[in-house]
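Note that the chains take the letters A, B, C and D in the order they are written out, and that residue 1 is the start of every chain.
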């Protein structure tokens, strides 16, 4: 229950089981827990279900995990990207399952998991192929689709700063899925750029309270990388 | 669509119609929009439905509105308090309707209204008198009650500080219902202690984005009152 | 037979280090006074705060900072604030380790009645009781075992309107601590009154001590 | 016949002062370049921001700050950040005044198809398109009126998989602006091609100009 500060990324992802459902934060590179994904690749768990907005880009990160045939299924809103060739090839070969979920419904289904909501009626997607086979109901004259929670065994998220109690703040649009995923998984691991002492984050500005965070890993490399990118551009 | 800064409380509550559903923020006195409630009393709208955590205390605020027979129905979690004698008397005389809603369900039903969720299955209250007559469904082995959104025509909320775009921050536990109610009503009026220029609130710390806020009224009196109370105690 | 403060101390001793806990209004608030300073227990208050501190006094009092009972409180380092929907999402979503509630009645099956006497003239007021009852991972109830007129409050079936079904894990009373679950009602500790006497005065079937050593929980 | 930038300027001129607007990926992003500096229009990006500024260049580029197309952007004074569930709650809850989307096809009834070509080999990817289509108070679609091979994209019934049912209010094309609603498909403005010629090339029944003066919207 107390948040643990991990010495390295391997410790941060230790214990992830074969067959686990892993929520992976980030939207593009913003908020993407790169070091944790790399550590998961090394860690070895397979037969995974990955829930993330995208399905990997280029040859690194999620794409590298996919390339190692470690992922059975991807649940995401937007698998197809200019450089999603690893996913594309696996999908076309019938070697990976795909569940496409509208982006807002993806977020809301994880929120439902975290908030103890059993299911909800959602107007998104009504009359489209993504609603096929789903229960529908007209409420107040408007058609809705019944959507169920998406729960993770693990969430890997990227945040900006943590305190030693696991309270998190994010930075700009890198916030995206992190706070929602943090509520929706049994084991929540946050990669951050720095850890401050308790009291070092203003209680009014905490976005993810420490109650949701099990492990924190400070990725110095990421911090350097971001600074370099910012300087390089 | 643009947030209007109101010169006085009368302007802030202008146009509230007879029969309106009014969401009123606050938990105890924390976050209670006292000046706006007083202005609503003067404004004269009647046959109101009030949605708030409580049903008025003593002889002022909501209790005074009730005493003027302006409220047809109260939707709240906790009407009975040591000094809720105005409500108690009206209720026992059969002169006011009451819908008691578990506090978390009250908040979630307003969130659903603000978030475009048609209805949701909630485990709270199953098997209790508050679930009587409601549709239930077993999901993943657990019974749930189907709950519908609570939408306001108006929300009156108390916040700490606004900028001129209507972005709001709250203070400590005075945050309570304000951010949720701000998403759930057609006309949202915020009473604040100060207004700062655009750019005067750190974008990372905004709790209620200005998109939700139609009118802002600076209550100097409240500010003074709070300072005095703080000093007096 | 325990005093209220002794009961509170007993509950406090059973809360694991670092647990996230909500203390209901009334009797349960006493538990806070008995948590060790280094327990690392984080208190949640459903009006939107984690890491709530003790009651505020004198110049500490801030009208913007109260607990769920509307009593002025303080803030501990590492606190966080959130709105009501987020606060109850935290509760309903099963993120709190323990909540401690008062009770009018608890049934052998773990049903809880603590919000409404059911009297025709009573005005129903539930607050956050139903959310807490079904939300926390473990629900502890703290109550006297008998009413002032001697009626048992641990009962075969609640006669008061329910707060939640099969939600109570443990009942702390002035006479005994009971564990509810698959094995029925297990007497965990007694204070003065023996198990036989308890069995005589209660109408629910009781099992004996859960273990040879009725000690404190492991963290 | 309008260029893309002329279409974008037309859309921009129709956005009321102070409106909260989401501009979809692709063609709609051009609209931002044509909003008057004093328009007070607030741009929403579904990855969690209000009051997004123009694209970032050089030293402004911050990997933590992008739009929904993952292009680095800037922040305007009065901005706010929020997480994905809150961002789509804002959208789904009807708080955005307008969203502008690209389109593969729009039907006379306002159905939109803009996410999937339906080809067997195509990998489905919806992003936020369905949420936007049903969420904003008014949905403007910006697209060329004909495909590269001359097929109309304003059609009696979409043949591509749908994004949303009866959700489009207005269609901005290079040849004309159409208003969809209770009166069917109303031609609001034309650019070169007359209404008769349009009626000939499209298979949907058209009404004439919505008003004598096909002018801009009132704010």
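Here is the rule we go by: contacts are C-beta pairs under 8 Å (C-beta built on N, C-alpha and C of every residue); 3 or more make two chains touch, one makes a residue touch a chain.
None of the values given here were measured: they were computed from a predicted structure.
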item: Between B-C and B-D, the pair joined by more C-beta contacts; value: B-C
item: Chain whose average C-alpha position is farthest from chain D's own; value: C
item: Inter-centroid spacing, chain D versus chain C (mean Cα positions, whole Å); value: 54
item: Whole-Å gap between the CA centroids of chain B and chain D; value: 35
item: Centroid distance [mean C-alpha coordinates] between chain B and chain A, Å; value: 34
item: Centre-to-centre distance between chain C and chain B (centres being mean Cα positions), rounded to whole Å; value: 29
item: Multi-partner residues of chain B (each touching 2 or more other chains); value: 108, 111, 115-117, 122-123, 170-172, 203-204
item: Per-residue multi-chain contacts in chain D, two or more chains; value: 49, 75, 81-82, 88-89, 91-92, 135
item: Touch-based graph of the chains, sorted into line, ring, star, complete or other; value: other
item: Every chain pair meeting the contact rule; value: A-B, A-C, A-D, B-C, B-D
item: Residue numbers on chain B that touch chain C, as the complex places them; value: 27-31, 77-81, 87-88, 91-92, 98, 100-105, 107-108, 110-111, 122-130, 143, 160, 170-180, 207, 226, 229-230, 233
item: Partner chain B, residues of chain A touching it in the complex; value: 108, 112, 115-123, 137, 139-140, 142, 144, 148, 169-172, 202-205
item: For the chain D and chain A complex, residues of the former touching the latter; value: 45-49, 58-59, 61-66, 70, 72, 75, 81-85, 87-89, 91-92, 111, 116, 121, 123-131, 134-135, 161-165
item: Contacting residues of chain C [partner chain A, same complex]; value: 16-20, 40, 42, 44, 49-51, 75, 77-82, 88-97, 135
item: Residues of chain B that touch chain D when the two form their complex; value: 1-2, 111, 113-117, 163-165, 167, 183, 198-199, 203-204, 206, 209-212
